[in-house]
C-alpha cells in the first residue's frame, strides 16, 4: 500500500522565519511551496526548491489569497477570473524556480481560505482546475475527496491526490475545519488518528461522529507546536504499518 | 533591413489604468509585460498576454524592483541573490500566462532602475543573465549595447536585442538618462531622432554631443503624453525608410 | 437649510492617477481622504490635505480594507479586533498630515466593503465606532441612516452625518448597492435625484420602489465618467434650491 | 547619572513572530515601535502599545523604509519629499494607537537604512526633523551624536536623545555599521562594552581604534541570539554602576 506524506513548506518571509523546512524535508515526500501571496517570497522559494531537490521531495505550488498579513486565512471575495489569475501567476512563479532547478512541478495545492473555498464553491473550484489545465496537465491537484472540487477536477481530467489531515479537525459531514492558528497536538494522538485514517478509512469528527474518509496523502502541518516530532512519528507509524511512503509519479 | 518596435505594456494595476495597451498593440512588434512588482497584477497580465496574442505581438517579461509606489524607478540595494530571485519569480509568473495562452515567452527586459543597474553593475547584470539562462535559453534579452550587461549576456550565450530609445535622453557617454516621470515630446522630433538612430546610427546626447548608437529594436514609451501618435509616427517613418518592422524569432 | 457635499479624494497611488481632486475641491465641502490601504499613499495624502486646506474643505479619513488591488471593494473576513486596528492605524496616519498642516481632522467615513460591512454587521460597526471614540470624539462619522451603524454610533455619542448617494443605486429596503466599478450617469438625472433626496427626502430604488431617505450630506464620486460636470451640477442645484452648502462644524 | 535603555519593539507581522517583546518590556525604559512599513502591522502596534503601557515604558515611533521583505535594511532612493511623507504617515499611525491608549508619543527613531541615511545625508536628516517638528515638538528624536542629523535636529530645536549601541559595531570614525542580520554576542562582552561607553565614554571600533562616544540611551536589539539575557545583563550593569535607568521626560 502506497501513501504520500505532504507538508506546506517555504512559509518564511524576509527576516521572518516560520516552520522547520530543513528538518521536515527528511520525512515528507511532497512539499507544497508557498508562492509569495500569503507567505514566502522569491528568495525563500528558491531555497525551498533547492532543499526539496536535495531530499528528493516532489515540489508542488501552494497558491493562496493575496493577504500576507492574514496568511491567506481570511476569506476574500475575489471574482472567479481573479481566482484563475492569481493561481496562474503563483504556479508560474514557482515553476520559474523548478525550471531553473531542472525539476518538474509536481502538483498544485490551494492554501488556506482558497482551499476551503475550492471545496465549497463550484466556480472557484472550476477556476483553479482550469488554471492547472491551462498550464500543465501533468500536474496533480491536492484536495480532499469530500468537496465540490473533487468531481470537477475528475471531470476535467486532472490527476487528483486526496488528502487526509493529521492535525486539523473534521466536522460530521467530513469537511475540514480551518482555523487562523493551529492547535497543539501530541504525537501519539496524531499517529493513532493517521493510522486509523490510512488503514481503516475512518476518522472521529469534532462532534464525536465516526466518519469514513479516503485519501492518498497525509498532510502534516509545520507550524504546529511539536511539529518535527509529529512528522517523524507519522512517517514511522506508516512504515510500521507496511505502507510505502512515496509521492505519486 | 529589419527593425523591432517594442513597448512596455500591462502597467495598469487593479482600478488604476496606465497607458494605451490596446492602441499600442496595433503598431508594436514586441511587448514588455510588467510582472506585478513595479506595475501590473495577475489580472492585467492575463489580459495583456491575450491582447498581444490577438495582435501577433511577441511577449516578453518586464521584471522590476519590488516597489509599486515608486514604479520600480527608485533604486534599491538588493543582494545579487535577491536580484536573481526576483527575476526568476517574475519571469516565471508571466510564463504561467504565456503557457496558458499557448505562446512562447520571447524575451526578458529589466525595468526602470533594475535596467539601469544592469547596465552599470556587473554582478547585477550577471544575476539577471543567469536567471534567463536557468529558465530558458530561447529567450532574448532586451538591453542597450552600451552597458556592462551586453558583454556579459554575449559571453553567456544569451541572444541579445539591442535597444534604441525614441523618447529618453542619452548622456555624452551614450548612457540612458532614466527619470521618474517621462517628458512630453512631439511626434516630429521623435521620428527624426528614430530615423537618425536606425538609419545613421547616430543620436544627439542631452549635452549636444553627437554620439554613435547601434540597435535592433526601437523602444517607445506608453506613458508619455501623445504616446499613441508617437508610436504610429515611429512605425510609419520606419516603414517609409523601407525597414521591415518585425520581432526577431 | 444646510447641506454638506462630500467626495472621496486622494485615491491616486504612486504613478497612478485617479479622479480629479483639484477640480472637485472647488465644489465640495468635505473630503474623504484615502489612507493608503485601498488607495492613496503617504505622498498623495499630504498633497490632498494641502489641497483641501487651500480650498477650505474639511478633511476626513477614509479608511478601507487592506487590498490595493481590489480597491477595498472585495469583502475580507477580518476579526473585529483587526477592523478596530486598521481604522485606528489609518485615521492616525491621516491625522499625522492634518496635524502637520495645522488642521483638525473632521470626520471618518469607512470605504467600500468596510462601509458596506459597517451597515450590515453590528460587531464591525461597533469596532469602527470604538476606534473613533478612542482617538477623538470631536470627529464626525459619515454613514447612512439606514444601517446598523447609525444606532450604534448614536448610542456611543458619536456625531453622525448621514449621507445621500447621488450616483449609487439603492435597493427597495434603502440599502446602498456597492459595485466594483461605478456606472456612467448624466448630470441631469443626478441633479434631479439629488434635489428629490435633499428637498423631498425620497429616492427611487433600483427596482422602481419609491423610498424615504434622510441625510445631511450628498456624496458625489470622483471616478465616474463625467464626474466634474456632475459635482458642479449638484452644487448648483443645491444652491438654486436655497440650500447653504457647508460642512457641519 | 541617568541613562535610558531603548529597544526596537513590535517587529512581528501577521503570523510571523519576531523578538521577545513581553520579556524585553520588563527591562527597557523606551520602546521604538515599528509602524508597518519595514515591520509590524496595525494589530501588532496596538498590542505593543498596550504592553508598553503595562510596563510603564515610553513609546516612540520607529518609522522605516517601505520594504517589509528587506526589513527596511535595503537602502532605497526616495526623494526628500517622500522621506518626509513616510515619516509623517508612520508617526501618525502610531500616534493613533498612543492617543487611543491615553499615552503621549514620546519619541521618533528612524529605523535601519533610514537611520543610516539620516546620519549621512543632510536632506534626509532635514526631512525627518521637519516631520517631527510639524507633528509635535514635544517628541524626542533618538539618533547618534556622530552624524549630520544631530546638528540639524539641534538647530531646529528638536529634543535629542543620543544613542549608544550595545550590540552593533562602530567604524574608526564612530559611524555605526548596520548589517542585514545581527550577530551573536555574549552578555559579558556586551556589558563590559556598555559600561565603558556609559561611564568612560569610550568604545573600541571594529578596526581596534579606541574612540570617544557620548550618549544618553543604550540601545539593545531584540533579534540577536540571547537577547533577553543581554538586556537583563545590561540593565544590571547600569544599576550596579549607580546609574538611574529611566527615560527622559
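Should a chain be cited, it is by its letter among A, B, C and D, assigned in written order, with residues numbered from 1 in that chain.
FYI, contacts are C-beta pairs under 8 Å (C-beta built on N, C-alpha and C of every residue); 3 or more make two chains touch, one makes a residue touch a chain.
This one's a predicted model, so the numbers in the text were calculated from it and none came from an experiment.
Chemist: By that same contact rule, can you tell me which chains touch chain B and chain C alike?
Modeler: Common contact partners of chain B and chain C, which must touch each of the two, are A, D.
Chemist: Could you quickly compare A-D and B-D and let me know which has more C-beta contacts?
Modeler: Between the two chain pairs, A-D has more contacting C-beta pairs.
Chemist: Where the CA atoms of chain A average out and where those of chain B average out, how many Å apart are those spots?
Modeler: 38
Chemist: How far is the middle of chain B from the middle of chain D, if each middle is the mean of its Cα atoms, in Å?
Modeler: Distance between chain centres: 42 Å.
Chemist: Considering chain C alone, which of its residues make contact with at least two other chains?
Modeler: Within chain C, the residues that touch at least two other chains are 41, 69-70.
Chemist: Which residues of chain B touch chain C in the complex?
Modeler: Going by the criterion above, the answer is residues 13-18, 39, 41, 68-71, 181, 223.
Chemist: Applying the document's contact rule, which stretches of chain A touch chain B when the two form their complex?
Modeler: 36, 41-43, 45-46, 81-82, 84-86, 88-97, 99-100, 131, 134-136
Chemist: In the complex formed with chain A, which residues of chain C make contact?
Modeler: Within the complex, chain C touches chain A at residues 66-67, 69-70, 74-78, 113.
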